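A short worksheet on the structure shown next.
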Amino acid sequence: MIVVFKKDAKVTEIEEMKKSLEDKGFHIHESQGENHYLIGLVGDTTIIDPDVLKAHRIVEKVIYVQEPYKKANRRFNPLDLVVDVGGHKIGGGYFSVIAGPCSVESKEQVLEIATKIKASNAGLLRGGAFKPRTSPYSFQGMGKDGLDILIEAKKETGLPIVTEIMSIKQLEKYHEIIDVVQIGARNMQNFDLLKEAGKINKPVLIKRGMSATIQELLMSAEYVLAGGNNNVILCERGIRSFQKEVRNVLDLSAVPILKAKTHLPVIVDPSHATGSWQLVEPMAKAAVAAGADGLMIEVHNDPDNALCDGAQSVKPEKFDSIMKKIAAYIELEDKILN
Amino acid sequence: MIVVFKKDAKVTEIEEMKKSLEDKGFHIHESQGENHYLIGLVGDTTIIDPDVLKAHRIVEKVIYVQEPYKKANRRFNPLDLVVDVGGHKIGGGYFSVIAGPCSVESKEQVLEIATKIKASNAGLLRGGAFKPRTSPYSFQGMGKDGLDILIEAKKETGLPIVTEIMSIKQLEKYHEIIDVVQIGARNMQNFDLLKEAGKINKPVLIKRGMSATIQELLMSAEYVLAGGNNNVILCERGIRSFQKEVRNVLDLSAVPILKAKTHLPVIVDPSHATGSWQLVEPMAKAAVAAGADGLMIEVHNDPDNALCDGAQSVKPEKFDSIMKKIAAYIELEDKILN
Amino acid sequence: MIVVFKKDAKVTEIEEMKKSLEDKGFHIHESQGENHYLIGLVGDTTIIDPDVLKAHRIVEKVIYVQEPYKKANRRFNPLDLVVDVGGHKIGGGYFSVIAGPCSVESKEQVLEIATKIKASNAGLLRGGAFKPRTSPYSFQGMGKDGLDILIEAKKETGLPIVTEIMSIKQLEKYHEIIDVVQIGARNMQNFDLLKEAGKINKPVLIKRGMSATIQELLMSAEYVLAGGNNNVILCERGIRSFQKEVRNVLDLSAVPILKAKTHLPVIVDPSHATGSWQLVEPMAKAAVAAGADGLMIEVHNDPDNALCDGAQSVKPEKFDSIMKKIAAYIELEDKILN
Amino acid sequence: MIVVFKKDAKVTEIEEMKKSLEDKGFHIHESQGENHYLIGLVGDTTIIDPDVLKAHRIVEKVIYVQEPYKKANRRFNPLDLVVDVGGHKIGGGYFSVIAGPCSVESKEQVLEIATKIKASNAGLLRGGAFKPRTSPYSFQGMGKDGLDILIEAKKETGLPIVTEIMSIKQLEKYHEIIDVVQIGARNMQNFDLLKEAGKINKPVLIKRGMSATIQELLMSAEYVLAGGNNNVILCERGIRSFQKEVRNVLDLSAVPILKAKTHLPVIVDPSHATGSWQLVEPMAKAAVAAGADGLMIEVHNDPDNALCDGAQSVKPEKFDSIMKKIAAYIELEDKILN
């Protein structure tokens, strides 16, 4: 961490700050430029809040050299993490496709979709029982009944289930019956929920917030990891932009950047990103080629009458054709679809 | 709501959809263009989820004419809402300044700040007891002890208190001792929390999410209003952008736009938006001139040693000088500072 | 085009506008809702400036149904355009890789790079003679001498050359000796330059502006096409965002969206988008998988000492390895590398 | 400038780079951290292209401490620049309002508007003779005839004229008859045009590009200043964002930031930013309160029939009322309207 002082900072003030930093165990390197005086801190700077330093009236800016995350940092975890969900693997060369409807609507619907995606080689079943909806007048999900349907589909097909949890209460009640707990984009910085997710013994899939930086996503993962839960999966699902033709802009460069910075698996959700089923196939292929460890794809047996997000859902037949196409790309990437 | 059909939509499919919409009580106007066929729906379209229509394979696009919010809509509430916080008024010509430290750090700190901002004519005291922090290693707030300090400061000064609540549990436990419940930007779409906030009997201040549209902010307010709580205050606090010189870009055009669309009071937080105390004064004045109903300003007695966000906090003396300057602007706007 | 009138618009005013539109040859469909009155225009609406309609005080909003571009519209050009550059083909199943240094620095440099990229199966040589630089103190390009070097490299290798033109004067002087005229991102809306580019007999490659929408890019192409030049290539090169880890966010969803809306070839520049050579390979592969018709990749023999953009340039050996890897992806996409 | 080296950089490579920098006259300060080795450069770093340093494979990042602009830098020009346009002053306490139609449409139109805005105390007349339009099918301006009309209006009213120039050819032909040469947002990084603008003897008003950072805007000003033209005025006119309710988000925080970084006058264009005449008044007042040195406001005598941008134009009577309202704000800011 580098601290640049203002031109008019008094020597006594600078000395005071240096002393306080040395007392915290840092070594200090100084550099006097023509217009600026700056110091470099040597030591574990993750324990310092840069805001606290920036607040000093004598400080012009504070520059990070070291990343503020430790447990999510590949520097300290050189090997890829392989998340194991009841035998199914994600990361470290194992490619995983999570598929299913946006929301659970009925037993028939979920069973039909689950059977079909299983036949197309999907590895996990997704489905929303608790739905974050922009409007209070939109369908809010089936709740506990929806979870029961997912569990039944798991029994029938053997597919582990991934589902979103929106509050601590839901997490406490239901995490034991869910295989992968999803934290949605809108809750990526619901820190109280992240803290609780750090205490459970189930993998947590964190979706990137709509305007979250790469570092903020990693810091949210750090919350879960710091709580003792080592199994975190990250998911890129598009960011807000002036672009009007898609719901969000899928930031595929996030995939290789994240893979370089962290050992955690990184998957991509082309359905929510684009909001358009026609774009799912090209973006799914592109995600594989960019190095993703998996995909999350919305599949609906009757998107015309879906209760939510039908426009972005592909039909089971289309999903099957996408799976066949991406298989070749996964092979080119030397990964194993499971 | 206008539904534009695809060129290759079959007549039978269109007729089927029209029938289903008429069954829901809508009147339908048709228009056949050279390249497009479209229908207009007449009726209360807030009950339709446009996603459901868009999902139909025969639909090219769905265009809103009517807003999807009702209780937050000025069309149905022509008069400005005046929120009354224990006699202190916000909105409808009453201008209100909420001031205080980012986080509660000690009794001495809060009492000193509260006494000083009261002397400078602030109307409410803010202070964070539960803090949403990007890093799990940063100071997370004093919790319940922090609330107790705020309440003591209220007793001493008479200033009602505004504080952020981050989870349903906290809301249930503490809403009775708080005067205004703040929902932070990161929780603007924590819909479970918004639903609970709709059930309490205290004003709710909702901060705009970092990449929330105006309509999404109003839909979040609609969640609270739909729950039965009529007292909602909106707060613009900057949006994410490529601009690197400020933490967020303060979107002051949101103020007159919101004032036209809703009857709810709209306040502005120049401290969090800019992240820089030097910008608080010009942006506070600009907010008043843009038509805001109030301001939220971070004040710290010793920003150099603040545990959080010191860089954006002004000292009490600076706050006093800002209050003196904006008084003239408030008067020009024909509003009453209280 | 749909025109929604304000609630308080007078019947006489509406009738006046309707008459004026009918006089322009439009048929008008009317629809009276509960809260809104709207009309649909049937006819060639590209001749109407929607701003002119929006300006009327009685108009609430104007909604496009038809796209405002004609010559760039796939609706009227269902077949893919194949741009032929001296026998080398781009689009319609032909995949093309344009490679070379950011700027021409010396004859030795360009000849060495050109020979190597030719050996690696690049189809065209790029190199900047006129450089748009943010700082007036940065290297501005070798100018005419740079062009001469490119032409010599073309003679040696047979590779057609692609180079940026920054002004009408340069276009007039040099378009005859250039094979593909590049309009840079910063000049995407330099309309006077686009108009002149419409008059020449050489293919024009237009790079998407840093905050240009898909429609704006297509309208810039329309300028060139409307001038009589049918050979336009579009290039996605990243858009501005809050994301700090990359220079720009590569918007790969733009590829399938553009391919659906226009018959023009669409290529991708992963070098300028990301600003980082490490990201070129994954993003190049992803671009192929997303359906791009070609790539533009910066290659430098000595990036450590490049006069411009060295950080995003790959070395010839790395380029060779990228070409080998993407070959398999191009084949999967059923395209022919030439 | 600080250069952070990669962990695996070899000592010999680092020594080589240090030597090369010392040869360029820099003093070097070193700092060895636990995970990083970095050096600080002392000297005039504006002569170094940071891209060139970043390109070195041993460099992890390059951090600016000093700004890359000199002539636009307040550090070297502590006093506000007052631009004098034929006796009319902008900056340094003089507040200036530039008003007029988006485009010149007829002699009658311009004379009527000019007379009225003069009566309302506008200081300069604006009007477009050459218009940058997104569509090639939209009205492109009256050209030279439009300039003649502006000059006639100047003769009648005494108001100096501000008009946009889109190409070097236009600049060469017409700069002598124009009082303030405007470079539009889309041409902010048309560097060839900026260079030519540096050679003329007329003030240049540069509008901020739609996704330009503060620093890029200052670098564009630096192009003009470096050419020898000292009279540059900057104009904030809104930036691109996900916000759909306005055309662009007016970034008023840019005003105090620019005023701190440069001595050049900063004005605000609320008309183009918002795209909506209803928002002009609140944003104009807010701009004054934020510290702007002037405003640029579109006024049209008959916006319903304007050939361009009518939706954002106010009528002369509304303009008069805005001028009366902002007068009080200008006075509060201790500025003189001229």
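First chain written, first letter: the chains are A, B, C and D, and each begins at residue 1.
In this section, a residue touches a chain if its C-beta (ideal position, glycine included) is under 8 Å from a C-beta of that chain, and two chains touch if they have at least 3 such contacts.
Remember, it's a predicted structure, so these values are computed and weren't measured experimentally.
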item: Chain whose Cα centroid lies at the greatest distance from that of chain A; value: D
item: Homomeric contact chain C-chain D: same or different residue positions, threshold half; value: same
item: Euclidean distance of C-alpha centroids - chain A vs chain D, Å; value: 39
item: Euclidean distance of C-alpha centroids - chain C vs chain D, Å; value: 26
item: Chain centre separation (chain A, chain C; CA means) in Å; value: 32
item: Where chain B touches two or more other chains at once, by residue number; value: 211, 240-242, 244
item: Chain A residues touching chain C - in the complex, by the definition given at the top; value: 211, 213-215, 239, 241-246, 249-257, 260, 273-274, 278-279, 282-283, 285-291, 328-329, 332
item: Chain A residues touching chain D - in the complex, by the definition given at the top; value: 2, 4, 29-36, 38, 40-43, 63, 65-66, 75, 240-242, 244
item: Of all residues in chain B, those that touch chain A in their complex; value: 46-47, 49, 51-52, 54-57, 68-69, 130, 132-140, 166-170, 186-187, 189-193, 195, 210-211, 216, 219, 222-223, 226-227, 240, 303-311, 313
